[in-house]
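What follows is a group of structures, each given as structure tokens.
In the two assemblies presented below, subunit A is common to both, partnered first by subunit B and then by subunit C.
So, the complex of A and B:
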């Protein structure tokens, strides 16, 4: 049986964990930084990430906050994410660094974010996950495809929980992450698909 | 030289997005990689770009960066001796 243990949503309007809004002190910082400082901190790599990775990373941090045995190496948790814009923001940024032949300085730090699957890598590296990691590009937020793909991930026999969901950020001002932690359980529904559908569609 | 050291620190902070680091936090003789600022291999490549873009110094051998990027003072000495702009 599978159950959803926790879910997180982050949009420019704020962050929500299991339906409860995350309270933040007033600050001039943009929301991702305003969330990072009090809720994560101590991980300077955050500031090197592109907008897509920042919002995905933050959502994963809120999702995993308080989990016991965190940061212990494990192979039984998969990271399965879905996005529409993928690395488009970083692609555009990188293009600007090489657009002018007279000012041609390709940025390695920008280039590393021009593959969308670095999103799953940032989360796996941070948490020492050595299991399945996948990042799918969809033409829209297709809940049914996400639900089915997550369900199939468990069929490999090695995966016992999935950190999955939707992450999109066409630019730094527009971002959305809806992540959930699905795990095998002795109790609960036969399959958490209906609950997932409700969470993902209930906006 | 003090002016170059100060300028270099600010340039590194900006180029490497060291958001929570202030110039005064960087020890002029501390290693930039490993225990010092904790920079990684991508940061090393970004420093090579910075050297060329800002000071006109083209490092032909990336391995040379290991010595040049040993500390802020070593880097500043190298820039002062080799800069073309």
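So, the complex of A and C:
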């Protein structure tokens, strides 16, 4: 049976791993940066990322923290993310750079983040995942489709593990990541809509 | 998970291409076979400071076709992106004969930027600018009660959406899947590709020594799939056999130098397939320096250097979210007609690995082909299509 091996939630209220809040020293930094410094560090690409990628990347870091053989290249883990706002924060940022003919400065560094699936690539690059990466846009309430889509990802015979879940960040002040490590296992809560809804509601 | 339906195949039941070369698959294919291209030079369009070459739709023709079908004004509240998608889906659904309103039918929408042009007049967060909103509106237009899934995997979306549909059918979640691929070009997208220095100032030259970049295009394409028992699949019908998605784990905006993800996706679908059975490998072939070089390496590594290869961007540009659906459909119909279209714009090999590539069409009697795509985010996708009821 597919089960949730570990889960992480990050919202402006804080970060939670398997239901246990992550303790942070008081800081002036916004939450993503306050999490990055003690829990990740030494990965300057983080500061180039847009709000969606920052929160999703951090959630993936907390999810994988302590995993044995963490950075060994592998093809058997897929990254499958769901979002509703997608790349809106970067879309809106990019639109501001081209809106005014007198102040026209389109930037490739902003434009590249106007694709929601860049986050899946950021996670694959960091962890050397050569497996499937997929990004779907849907309504947050549509938990059934999320559950079924992750389940169906295992129809690819090479996929034995999915790092997946919900990530949304319409702007840098509003963000939410609920990521799960889903695998065939004897332990953990079942990968099912009711379970997911319970975890995602409890914030 | 249980793959209970191994005696069933995923069969093409209907399709449509709305492109600047024609509003249906037949006329688009006819133009491609005749060597026509919809690529034109635009100067000052959308008040862009630099000119560009692109393949753009005539929305007058689209709206006339919609008015003929549904009456004047019926689609007044829908955006251009939604209208082109609806026109394409309507034609494909008609051919398929399936019931789009059935709870056993699911809609999949492949797009990279959907309604992003709406930000030009109002750059604020609202549901209309989010692609899942368009997907639900399009599905609702056809009376479909299910949530529609938007696949957003950059330029590989059109294959990824077909792979998602195959899985939903295979798992028994639905009996029919409507896969729509569409993107509307805009100031937003063109300026972004210009900022990347990715656009060619002339019609693109895939795999050619003198290639300088890609041309953007707009199109909507739809393929309808049904699952059916193997013995009920006739000899000429197209089956979506296998699909795989793999990442380069290398860079968010540049392809891997070893073609890693692309090679791995090809390996995953080819396994026991003899390359001599393949009519063609229809590649991404954007005509950027890096993409085409990367694909040549991946094809070589996968042992496909002698298989006929073609790229279609010289006819209608890079249609982004539509590309995977459009180019799969077009290749199905071409191979069915015994043809492998030539690679328009190609003259002299400009990649490091030898490929079996030509600007001229060739004949074929083979019954299998491969479609591949790569995109930002390091994603790569490949699918194997096959005619008839044989095992997949």
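FYI, the second predicted complex is superposed on the first by the 186 of 203 C-alpha atoms of A that agree within 3 Å, B and C clash if a C-alpha of one lies under 4 Å from a C-alpha of the other, contacts with A are read in each partner's own complex, and residues count from 1 in each chain.
Assume contacts are C-beta pairs under 8 Å (C-beta built on N, C-alpha and C of every residue); 3 or more make two chains touch, one makes a residue touch a chain.
For clarity, every value in this text was computed on a predicted model and none was experimentally measured.
Enquirer: Would you mind checking whether subunit B and subunit C clash or fit side by side on subunit A after the superposition?
Expert: fit
Enquirer: Quick one: is A:112 in contact with subunit B, with subunit C, with both, or with neither? Answer first, second, both or neither.
Expert: A:112 sits against subunit B and subunit C alike.
Enquirer: Please work out whether A:47 is in contact with subunit B alone, subunit C alone, both, or neither, and reply first, second, both or neither.
Expert: first
Enquirer: Considering only the touch criterion stated at the top, classify A:102 as touching first (subunit B), second (subunit C), both, or neither.
Expert: A:102 sits against neither subunit B nor subunit C.
Enquirer: Using the superposed model, measure off the angle between the directions from the CA centre of subunit A to subunit B and to subunit C, in steps of 10°.
Expert: 80
Enquirer: Counting residues of subunit A in contact, which comes out ahead: subunit B or subunit C?
Expert: Per-residue touch count on subunit A favours C.
Enquirer: Just subunit B (first), just subunit C (second), both, or neither: which does A:148 touch?
Expert: The answer is second: A:148 touches subunit C but not subunit B.
Enquirer: Of the partners subunit B and subunit C, which touch A:20 in the superposed model: first, second, both, neither?
Expert: Touch status of A:20: no partner.
Enquirer: For the overlay built on chain A, what is the smallest gap between any CA atom of subunit B and any CA atom of subunit C, in Å?
Expert: The answer for the closest subunit B-subunit C C-alpha pair is 7 Å.
Enquirer: What part of subunit A is shared between its subunit B contacts and its subunit C contacts?
Expert: After superposing on chain A, subunit A residues 106-108, 112 contact both subunit B and subunit C.
Enquirer: List the residues on subunit A that touch subunit B in their complex, please.
Expert: Interface residues on subunit A, with respect to subunit B: 33, 44, 47-48, 105-109, 112.
Enquirer: Residue numbers of subunit A touching subunit C in their complex, please.
Expert: The touching residues are 2, 73, 75, 79, 84-86, 88, 91-92, 94-96, 98-99, 101, 104, 106-108, 111-112, 114-122, 124-125, 127-139, 142, 145, 148-149, 151-156, 158, 170-171.
Enquirer: Touching residues of subunit C toward subunit A in the complex: what are they?
Expert: That would be residues 1, 3, 47, 49, 112-113, 116, 119-120, 123-125, 129-132, 135-136, 147, 149-154, 160, 164, 167-168, 170-171, 173, 187-188, 191-192, 194-196, 244-253, 260-261, 264, 268, 375-379 of subunit C.
Enquirer: Looking at the complex, which residues from subunit B come into contact with subunit A?
Expert: 15-21, 38, 42-43, 45-46, 49, 52-53
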